[in-house]
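What follows is a single structure, and I will ask about it in a moment.
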């Protein structure tokens, strides 16, 4: 019995059986999509079908007017561009800084390491309400209010600490033997970082990238205070602009939310094959 | 992949410095105008710039979401625009925090303004803002529902007892007679329940602002009147999660037959459900007593750190001529001469206009926000069923008294 | 080998953060011991903020909020990660779908859920009553015993994809030999999960859990947008109280005092965490 089991299976990983996978996926998809479906259906409803009693799923008169308003009659396209620029730049900058810092924390033992690690997390721990006024003063003094750079820098506070923290744990998971082999071969620390550590932790890098991008993409309160000019405003502010004092154009908000959400999900769909990484069977042999 | 990323990153940083916003120049007036009045703001700005070449009015559009936080942050950090539109109730906090400049020298025809509006923005003997818009609540109701319940839609209830009777008659077949708020922002419930306390001769704090009087019999009776709509099933089950906007939606869905709101709801209702025959009435008062309402609305302030106060003051005077004020406001103007403009001569607006003289400003105490929070928590405790009205108001009163010392 | 090389690697990040954070930290500390005229008041702000009933209530609510959120976020996230680690057709699509709750802007997710939970307008009550699962609509957000669980549920829904993605990344880096070794010992799938996968992703789970604690302690969007801390302070958590103090009550000094206390507590948790899990393999001497 034993012999047949491992001779037939040693070449591929066993997993859950098909029905379990199927069931699991159904549940996962339902849980994740249920509100999203409600949102997307709302985005094609006319105003008087949005808040009916009893509520109804499917619109009687589906319309694309909300999308038309969002894409052609609002400032959303411009805000989309701003959000892309700011999020990409903030993510890039955070990644660069985090890769180096995580390497330092994961691979070296130096005095006060725990202290510095805790210091990095400090930024994430301060309540927004406490830091927003002094940050505003800082930006004003530096002349960075209403600029891309102002927001990009401020976003370091919400992306860098977590990125360093997460990358440190991904780097730690890579076996030491690989690096020691490279040192014996005469590689430098930086060389090891770029040629061994990074490629092997690619899923972790992608995960951190996703995290940083999504966080800056959806950030509201800093953008609200530090970007008051349409040329720099981001998408979350654009969403808020569909609400006037006593009214919220829900159809437009839902349509704009779709515009904000779907591209990210599609982007992830394209990039998620980079998620499959790690050590291939041959790497540790020899 | 990495070098591509790096290259892209540098390209973007170059791009961003090139397109960096250079900000306003001297001689500019930066005006934070809310998005619901944006079009009219731009029209007025154009007019002014045509008559005053050399001055550039730069409009930056604000949104309701997060506005008080954003304004306060800007004021405290010294990076504020020249003119900001704020609600009357916020002005005193700014004045006491030394964040704005007094506008006694800017306001023209002071006697033309509704006195309550001027009082609202006065502190320490000076006027700190120019009110341009005032409004109060009334009661909006569904005339068809009234007919079906056997009530006369043209003779809406005038006293508390009439209102309760009408609500009872209207509550049937899945409908609720009179909707109240119990959730959302605190202001929603203050605007709706505080007038009842005032009408009955009570208040939350004494006029000299030294004593909390919320648990007096008059106040307790009014709070009981308000919360009973929910307790007796005359207001929707969702009351604790409803704010004014939710009530309006319930009204549009014909689930609520009457509720308190301002005239700003009328166009929205007509747009979303043109089939409803709308009626508006003044807020009912206890028998033999006069009605009351909380005065709401908006003013212009000039921050202390404004870069161009001289030009801004001139512009404010332009914005607040009888005609311009009447044009810009969403509800009613603060000048009595402006109310006479043809725009406000609408039969649906009549009950709201009639409520205006009964509008009162809320007290100007530096802990007012905490005071109403304690009061609102008390109301929610009653609606949750945690405490009786008297006990809840006693507890709230204790908290409020601590805030007055 | 210089013993400070690690510090040199970490320096750029530390410098950037220091430049941004130093002033706010100092400013907050200064505000917490002065009054609004700038005069030194010692610990007065601290006692003023600890006095009201709501502070203790907020602390208890925060405890429930954090514990409840994290437990389910980690549980569901790890389960989802294990599922998504499988090889099946359409896996890429399911992974992207799993990301969606996290990607939806916080304020939109909050208001959509509030809409779905609404007693009268909500689709949840509608579906439960029309299929007969419930006799009467439930006031999810209006009853004291359901409102906090509802908030926690929304928070779990929003963030378990984050856990799933992070853990999935960790699962992807497990070397093949470990699986082969387990299989040679005749392990079943579940034994594989327990003995191969979970230990390998332990560093990721601990890091993620700490992050979730920090986020839960700082996240006000969901609760503030839906209930504002109500009804009757049933859902008010300490960060919301700080926000209220600062922006609604314009009591920046008290808000700063509360922030300082809050920050101290969280720092202690973080330091304890780091020290406890500091002894990990994979370090250079």
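A, B and C are the chain letters, set down in written order, and residue numbers restart from 1 in every chain.
Everything below uses one rule, namely that contacts are C-beta pairs under 8 Å (C-beta built on N, C-alpha and C of every residue); 3 or more make two chains touch, one makes a residue touch a chain.
Only a predicted model underlies this, so the values are computations on that prediction, with no experimental measurement involved.
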Can you check which chain pair, A-C or B-C, has more C-beta pairs in contact?
A-C
Going by average Cα coordinates, which chain is farthest removed from chain B?
A
Could you work out how far the Cα centre of chain B sits from that of chain C, in whole Å?
35
Taking each chain's centre as the mean of its CA atoms, how far is chain A from chain C in angstrom?
15
Multi-chain contacts in chain B, i.e. residues touching at least two other chains, fall at 65, 69, 76, 249-250, 253, 255
Residues touching two or more other chains, restricted to chain A: which are they?
51-53, 133, 137, 220, 240
Residue numbers in chain C touching 2 or more other chains?
107, 120-121, 247, 252
If you look only at chain A, which of its residues touch chain B in the complex?
47-48, 51-53, 85, 88-89, 92-93, 95-96, 132-133, 136-137, 139-140, 145-149, 152, 194, 198, 220-221, 224-225, 228-232, 237, 240-241, 243-248
In the complex, go through chain C and note every residue touching chain A.
3-10, 12-14, 16-17, 20-21, 23-28, 79-80, 83, 86-88, 90, 92-109, 112-113, 115-116, 120-123, 126, 130, 157, 161-162, 165-166, 168-170, 172-177, 179-180, 183-184, 186, 189, 192, 200-201, 203-204, 206-208, 210-211, 214, 217-218, 220-221, 239, 242-243, 245-247, 252, 255-256, 259, 262-263, 266-267, 270-271, 274-275, 278, 280-285
Spell out the residues on chain B that touch chain C in their complex, using ranges where they run on.
65, 68-69, 72, 76, 93, 97, 182-186, 236-241, 246, 249-250, 253, 255, 367, 369-370, 373, 376-377, 380-381, 383-384, 386, 399
Inside the complex, what are the residues of chain A that reach chain C?
2, 5-6, 9-10, 13-16, 18, 21, 24-25, 28-29, 31-33, 35-36, 38-39, 51-55, 57, 97-98, 100-101, 103-111, 113-114, 116-131, 133-135, 137-138, 153-154, 156-157, 160-162, 164-166, 168-176, 179, 189, 200-201, 203-204, 206-207, 210-211, 214, 217-218, 220, 235-236, 239-240, 253-254, 257, 260-261, 264-266, 268-269, 272-273, 275-281, 283-284
Could you please specify the touching residues of chain C with respect to chain B in the complex?
36, 52-53, 107, 114, 118-121, 137, 139, 141-144, 227-228, 230-233, 244, 247-250, 252
